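What follows are several structures.
Here chain A shows up in two complexes: once beside chain B, once beside chain C.
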Partner chain A sequence: MVRRYLRLLGVQLKASGLQALQYRADFFTEGVTSLFWIFTALAPLFVVYGKRPEVEGWSFGEALLVVGWFTLLQGLLEGAINPSLTGVVEHIRKGTLDFVLLKPADAQFLVSTQRFLPWRAFNVLTGVALFAYAFWLLGRPPSLTGMLASVVLLGTSTLLLYSLWILTVSAAFFVVRVDNLTYLFTSIFDFARWPSSVFKGVARGSLTFLFTYIIPLALMTTFPAEAMLGRLPLLSLVGAVGGSLVFAWLARRVWRYSIGHYTSASS
Partner chain B sequence: MISVHGLRKHYKVHKRPPGLKAALRSLVHRTYSTVKAVDGISFDIRPGERVGFLGPNGAGKTTTLKVLSGLLHPSEGEVRVDGHVPRLREEAFLKKIMLVMGQKQQLLWDLPPAETFELNRAIYDVPAVQYKQTLDELVSLLEISDLIGKPTRQLSLGERMKCELAAALIHRPRVLFLDEPTIGLDVSMQATMRTFIKEYNEKYGATLILTSHYMDDVAALCPRVIVIDKGLLSYDGSLDALVQRVRPEKRVVLRLAEEVDGARLAPLGKVVTHEAGTAVLQVRQDAVNATISRALSGLPVTDLTVENAPLEEVMSELFAENKARRQQAEAEAASAGESVPA
Partner chain C sequence: MSLRTVARALPTMLRVGFAEAVAYRAEMLVWVLSTTMPLVNMVLWMAVAKTAPVGNYGREDFVGYFLATFAVRQLTSAWAAWLINWEVKQGTLSMRLLRPISPLWAYASENVAGIPMRLVVAAPVVVTSVVLVGAKAIPQTALGWGLFLVALVGGWAITFMANIALGALSLFMDSSQKMMEVWMVLFFVCSGYMFPVELLPGGLRAVIDWLPFRYQMGLPVEMMTGAHDLPTALGLLARQWAWVVAMFVIAMGLWRHGVKRFAAFGG
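For the complex of A and B:
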């Protein structure tokens, strides 16, 4: 079972790699866009920290770690999660999801692995480079346990992002046009570039609450950055693992329910 | 192989009159109505049978096919395909079937069809030896060896459809649902597709359900037809018997050496067309012999053929009959409602 799906993943990866290579010009524009996005991720940080040494207890170097995680996850989101799931919305609208549902393999797996943008790996590497730069600024290496914890959190963050996307896409079965929803999602994800505590002052902390428990952005970028700095409480780590598993389970349930309501499109 | 009993598929759709005002009102208050796409149909199909689904647009043909292939959940009724309940979408079931849709494509748009074949091989777990054998066979039968290496977007509609069919058959499905597989194709391509589909059915004993608006497809492929109209089954049986029932008359086609006055044709039967030296007469079956001998003796006939009425005409007459019957039933129901005292 696992071997079969690994093989399927391999075939799907190969097909999307081939698709990415099919258009040479696209390949290069993708590269330039990646660079541009990394710059836009950093710019606000320079603006904010130009005048003050720290914001809500986060120094520039520490906040840079959060941006590093943001960049890394953005690479994962736009390279591995977003293209496939945007494809689902297209499938639903055109009715070609029929072909996915006709295949004798898990439909969620098939739609989630149908497209990758390999060039987005650039963001992931930049994220790693930002970590190195941040620790150089901080003048100390990360703790070993902190690094291990952050690797675990990389897993939970990816799972969370993916589950949130599945939930968003499931809405497409009912409302058909979810382009707006996907834009909303990417806009909200933008908040994840800041340490979650900077929102403490907004509306009596309700934003922090929202981003921790409802749309768990804090879990995705602030938690792993804190883990690297060695100051994430163990309870938060356990909470993140448990929370992401619950989210994934919920997303799966919603997806299964939504498929049952698929009405297909005109012949 | 396939059994359907009391199948119903009803949709709830949101309805609103045209116009901005109605659109705004519908944001707050939505009115729904129920569309009965399929409203209680039953039939059984034996293994290896080729069955044509006929019906006007919106009759419920595609909906039925989608229920049979597990894409749509039935609102009511029992559906079995080779012992499986389609809506459960078990892997064993999905490996046995395939739905080919003339208006939708599964081939990866930017890549050559060969990549889609490879992908399907992996998804359907087709053993390497069988894959090679099936592919070789499909490629030679459909004559697509030059095409499978070109990106799909560069193929013509006909070329793409042949590759679609190949992609659908990589796993040798035992039940094949074909939803207008020849739509938009030219006449010779339609013929190629028909021959191929028939060969596949005969070679692998696959069960086949076909919907098409081209009656030639149905006549060439399907000894049995099921007619669905407004979600109801209106005929199930052989195509010949259907033609006999709706249009018992035969057509006598006369080719004439010289122009003949219409008045000389009229006594022979109902004149359907008469132009450029060809006359088509509609004659009751039991009068065909007499008509032929009278025509041969009294007219300058150079050639003569006896045919059934064109299927298109038979079908539109059947649909018209159904419609008239429905309207009458509705009118009767309405008048019965009025006569009941309040």
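For the complex of A and C:
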């Protein structure tokens, strides 16, 4: 069963990879645009830290780690998650989801792996470069346990992003015009740019609550950055792993429920 | 095409545009909700200004500034560049060119006709700002309102003309999507969209004063929050309108030359 799905994943990846190889020049254009966009994440930080040495307990180098995680996850989102799920919305709108549902494999698996844009993942490299720069500024290497914890958190963050996406796409079964719902999702993800402690002072902490438990953006970028710095409490790590598993389970349930409401476009 | 034909057709085109804006109101709402960038940055700056003001800006001033940014963004946004790119790609631009009125009028009227609907969103935000920050969030005098309106119209005009210019570039290079991204990044960083330009170091500010971006967004916002005395305001408005004229010349030049090269794909 697992082997079959791994083989399927291989086939899907190969198809996307071959397609990407047709447009090799995109590697450079995507790279240049990625570096350019990074500027929008860094410019406010430069201005802020030009005025203050520290904001809510985060120095410039430390905040840079959060931006690094934001960029890395954006790369994953745009390279691996976004393209497939935009495809689902298209399938639902045109009614071609029928063909996916007819295939003898799990529909969620098929639609989630249908398309990857490897060149879009350039942001992942940019994120790693930011980590290196941040630790060079901080003048010390990350701790080994911290790195291990952050690798675990990379897994949970990806799972969380993916689950949130599934939840967004499930809405497409009920309201068909959601092509810009995906855009909305990306804009909300923008809140993950800063260390989550900046939300503390706003609206009596209700934003902190929102971005930790309801839309868990803090878990995605701030937690891994804290783990790299070696200051994430063990309890938070356990909470992040448990929370993301619950989120994934919930997303799966909602997907199953929504797909029950699918009515082919032409019938 | 004479000006009389345009004058006769314009009311109808505006009515059609308004009807479209009403019909796609849900879609517009999603677009509006996607304008999170001012809020993302507002939260950051509120945390920075928690203990002491930054430059002339205290916590409340940042709230006023960024809510004004949100409102101005709603009222001055233009999307003609995307539209032109798409229509050039699809070849549907030929349909527009056949009509006895320039497509530019159609793009402009569609954009302007959407403004009443956008005002419905922008007005409550301004009211919220007044409630949170007090009367200093809006101009105090009739003259102040007048200057704000001039700045707002100027900001829209620069944005719209830049859109036409960027869209017209697609007639030379198949797709100007990447150029649009570059413009967006420069706009984000240089316009006062992410932070008041006042907070930048002197040298950078001098450069930004000569670029069009801050006149698209920063100037109307500063007029709204009353950041300038009258002589400074008039000087900045003069620069803004100089950019309106310059952008007009650039956009018209590119469009005229571009349309001559246009060969409808599949048309």
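Remarks
Here is the rule we use: the second predicted complex is superposed on the first by the 253 of 267 C-alpha atoms of A that agree within 3 Å, B and C clash if a C-alpha of one lies under 4 Å from a C-alpha of the other, contacts with A are read in each partner's own complex, and residues count from 1 in each chain.
In the analysis below, a residue touches a chain if its C-beta (ideal position, glycine included) is under 8 Å from a C-beta of that chain, and two chains touch if they have at least 3 such contacts.
In this text, all values refer to a predicted model and were calculated from it rather than measured experimentally.
Judged by the touch definition given at the top, the superposed model places A:101 against chain B, while chain C stays out of reach.
When the shared chain is aligned, chain C comes close enough to touch A:194, but chain B does not.
Touch criterion met: A:37 reaches chain C, while chain B stays clear of it.
Of the two partner chains placed by the overlay, only chain C lies in contact with A:55; chain B stays clear of it. A simple residue count on chain A separates chain B from chain C, and the partner touching more is C. In the superposition on chain A, A:19 contacts chain B only, with no contact to chain C. Contact residues of chain A toward chain B in the complex are 4, 7-8, 11-12, 15, 18-19, 22-23, 94-96, 98-99, 101-105, 110, 260, 262-264, 267. Only residues 29, 33, 36-37, 39-40, 43-44, 47-48, 50-52, 55-56, 177, 180-181, 183-184, 186-188, 190-191, 193-194, 197-202, 207 of chain A touch chain C when the two sit together in their complex.
Chain B makes touch with chain A in their complex at residues 11, 62, 66, 69-73, 89, 91-95, 97-99, 101, 103-106, 108, 110-111, 115, 118-119, 122-125, 151, 179-180. Residues of chain C that touch chain A in their complex: 26-27, 30-31, 33-37, 40-41, 43-48, 50, 54-55, 178, 181-182, 185, 188-189, 194-195, 199-201.
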